[in-house]
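The chains carry the letters A, B, C and D, assigned in the order they are written, with residues numbered from 1 in each.
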Amino acid sequence: MSEPLLQAVNLECERDDRVLFRGLSFSILPGTLIRVEGPNGSGKTTLLRILAGLNDSYSGDLLWRGKNRHGFREEFLRNMLYLGHRPGIKPLLTPMENLRALMDGRRPVPDKILWQALEGTGLGGFQTVPCRNLSAGQQRRVALARLLIADEPLWILDEVFTAIDIQGVGALERLLVERVENGGAIVVTTHHDLRLPSMQRVTLGGGDGHGY
Amino acid sequence: MWQIFHKLGSPKWFFGIASKLMPWLLWVGAAMLVAGIVWGLGFAPKDYLQGNSYRIIFIHVPAAFLAQSVYIMMAVAGLVTLVWRMKLADVFVRAVAPVGAILTFLALFTGAVWGKPTWGTWWIWDARLTSMLILLFLYFGVMALGAAISDEKSSARAVAVLVLVGVVNIPIIKYSVEWWNTLHQPATFKLTEKPSMPAEMWVPLLLSVLGLYLIFGWLACLRMQTEILVREGRTRWVKELVQARGN
Amino acid sequence: MAFDSLGAFIAMEGHGPYVWTCYFVFFLLMGAISLWSLRQRRFVIEQQRRRTGSRAMPDNSPAGANFTRIEPSQD
Amino acid sequence: MATEPVIGLRSPDLSVGTVTAMKAVFVRDLKTAFRQPQDLLNPLLFFVMVVTLFPLGVSPEVSFLQQAGSGILWVAALLSVLLSLDHLYRHDFDDGTLEQLVLQPQPLFLLVLAKSLAHWVLTGLPLVLLTPVLGIMVHMEGNSVVVLCLTLLIGTPVLSLIGSIGAALTLGLRSAGVLLSLLIIPLYIPVLIFGTGTVTAAAEGAPVEAQLALMGAFLVLALTLAPFASAAALRISLSNS
């Protein structure tokens, strides 16, 4: 059970002649939440994109359930959910259509469930309004609705709390805690002061943040 | 085998080898090129159809020949970049693309000037000239894309994809241009296809082709060294080397 | 020698201008790219040396921010 | 923590099949495009305007237009496809949809193929449908117009597919539009040559089956190879962002 889902071994990433991190190793176990910390520009987003498989200019190894991830692209992607800065919401489509399109690539879900998920993120009544008429926070909530129905065991969430109001933040924290208690694995970055039980930290931008 | 391959990919190792090789490439190449050209210009007999204007061949053919093979070499290097992520392969592509473009331009220019006395016009939309022109466009594309992407690794791989797409297209382009040529151009302006070139002509031609090849090798080494110095500026060996050279 | 005199060699029976233009441009461009490449390498070496020479490289670690307002002096 | 429902790995049979996923990508692209019809209209207007420039700028004589008509229409179609390519991935890139596309478990090149096909349906196909009208305006003969439409029907998907490589390579770059044209125009030349050449042959009364078959071969080649190159290019561009 406590086999790590994803393991980073000796990760190193260099960007524009600057070493962002070096010799970074950690394991993502089921039932844990890992918070990636560091000042602006320390490579938090880059690390998350590397973990998600979007950025492959790194050296070191990424092991998916103990084996090199390269051979398990399909299985890895099936079991991983990534939400980035740009949440993948098309301004021209409605929240329903957006959620539909995002889920269509991953899992068949009936419309009723999608509708409920949007209600669950506080978008009840906005389901069929084009997203460009929604506020930034509401647009993020459309993307967050995926978390209410996602069954991927590994979540990688970049700045999830951005543009969400205080009450929403509280609810979202509860969602993450519950998820972790049920055995999900979550990696997050956030500037919001997140204090969850059994939260692990990966800190970037430490001593060897530069290569000279 | 694998170790040799790995070593080949090491910029430091290459830098040393290149330094040793370069004088030879330059001087042997220059000697062969000059010999070929002097022989071709002054001693080879004149062509019975085109007269003396054919003497342009001793630079036109080497330039055209190299212009095409440089692109093929770039494509091979591009493949190596994509498959093995070998840094040196991308260094080669970057260093060599402008040289390839210049050679292509030279082939076009000498072809055009040769055309004036032979065909009576500077430019004809002849199959060879046209496909050379398109090759020049391909070179420009590679250079423009390389310059536009700032991140080194992404830039290397993007350029590699483009070069490979280009090389798949080259035979198609060549074939289509030839087909188009037969459609529009009655075959009156055909360059004399010599059934048998006398040895006094092809030996100097061969000399100048080989000579230009070697000079290209020298240029490639030189420009690759520059590129390596820029990219590896932070490594210790470059720092040491730079200090040693300065004093 | 395929020509009787130097004059004939230059003239090439009227084709001289074409042939010589080609050779001129060829050597001009090949010389230009060679010289340019040589200079570029020298320039890069020069630049690297200056960089390693002055050890005082600006530290790359992000500076702490204090967000203090800066008031222009009222002289 | 009374119960302990443990989240396990997802079973493969819960996943969405590749064809379904391709259809979803295709449908979403069409839907998005129809929400902003002006963007659909622009390449068509551009097509008509470029064709109009030739009689005005060169000569309105029937004999000239008749002879140059197929070339004019082909070049104009090529340029308007080129113009529309910049949008192919740009919006998806900006709003993050592209990241999600790359992270779908299905093979990326097939999803890219679906996007290229959507692009063709939205730009190439309308151009083909508009061609007969413009063909008549440049005094082309009925038979030539039919062959022209056929060549465009086979040729424009090739333009979309090859163009998708360029669009993916220049994604997120400054002045991507000009750069894209620079990279892609040389690759378009064979399609242009065979497109216009076929129409010329038809106008001279020669049989054109062989040429059309050859263009079909181009299409098959582009269908099989271009999506791989586009997918590779997309990964590179995203890796950089």
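We adopt the following convention: a residue touches a chain if its C-beta (ideal position, glycine included) is under 8 Å from a C-beta of that chain, and two chains touch if they have at least 3 such contacts.
Please read these numbers as outputs of a predicted model, since none were measured by experiment.
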| item | value |
| --- | --- |
| Chain closest to the middle [Cα centroid of all protein chains] | D |
| More contacts between chains, A-B or B-D | B-D |
| Where subunit A and subunit B are represented by their mean Cα positions, the distance between them in whole Å | 48 |
| Distance from subunit D to subunit B - Cα centre to Cα centre, in angstrom | 33 |
| Subunit C and subunit D: spacing of chain centres that average the CA atoms, whole Å | 40 |
| Sequence positions of subunit D contacting 2 or more other chains | 239 |
| Multi-partner residues of subunit A (each touching 2 or more other chains) | 57, 211-212 |
| Residue numbers of subunit B (touch at least two other chains) | 151, 153-154 |
| Contacting residues of subunit D [partner subunit B, same complex] | 162, 165, 169-170, 173-175, 179, 182-183, 185-187, 189-190, 193-194, 197, 200-201, 218, 225, 229, 232-233, 236-237, 239-240 |
| Residues of subunit C touching subunit B in the complex | 1-3, 9, 12-16, 18-19, 21-23, 25-26, 29-30, 33-34, 37-38, 40-41, 44-45, 48-49, 51-52 |
| Subunit D residues touching subunit A - in the complex, by the definition given at the top | 1, 4-10, 12, 14-16, 20-21, 24-25, 28, 31-32, 35-36, 91, 94-97, 99-106, 111, 235, 238-239 |
| Complex contacts: residues of subunit A adjacent to subunit B | 15-17, 57, 211-212 |
| Subunit D partner contacts - residues on subunit B that touch it in the complex | 82, 134, 137-138, 140-141, 144-145, 148-149, 151, 153-154, 157-158, 161-162, 164-166, 168-169, 172-173, 175-177, 179-180, 183 |
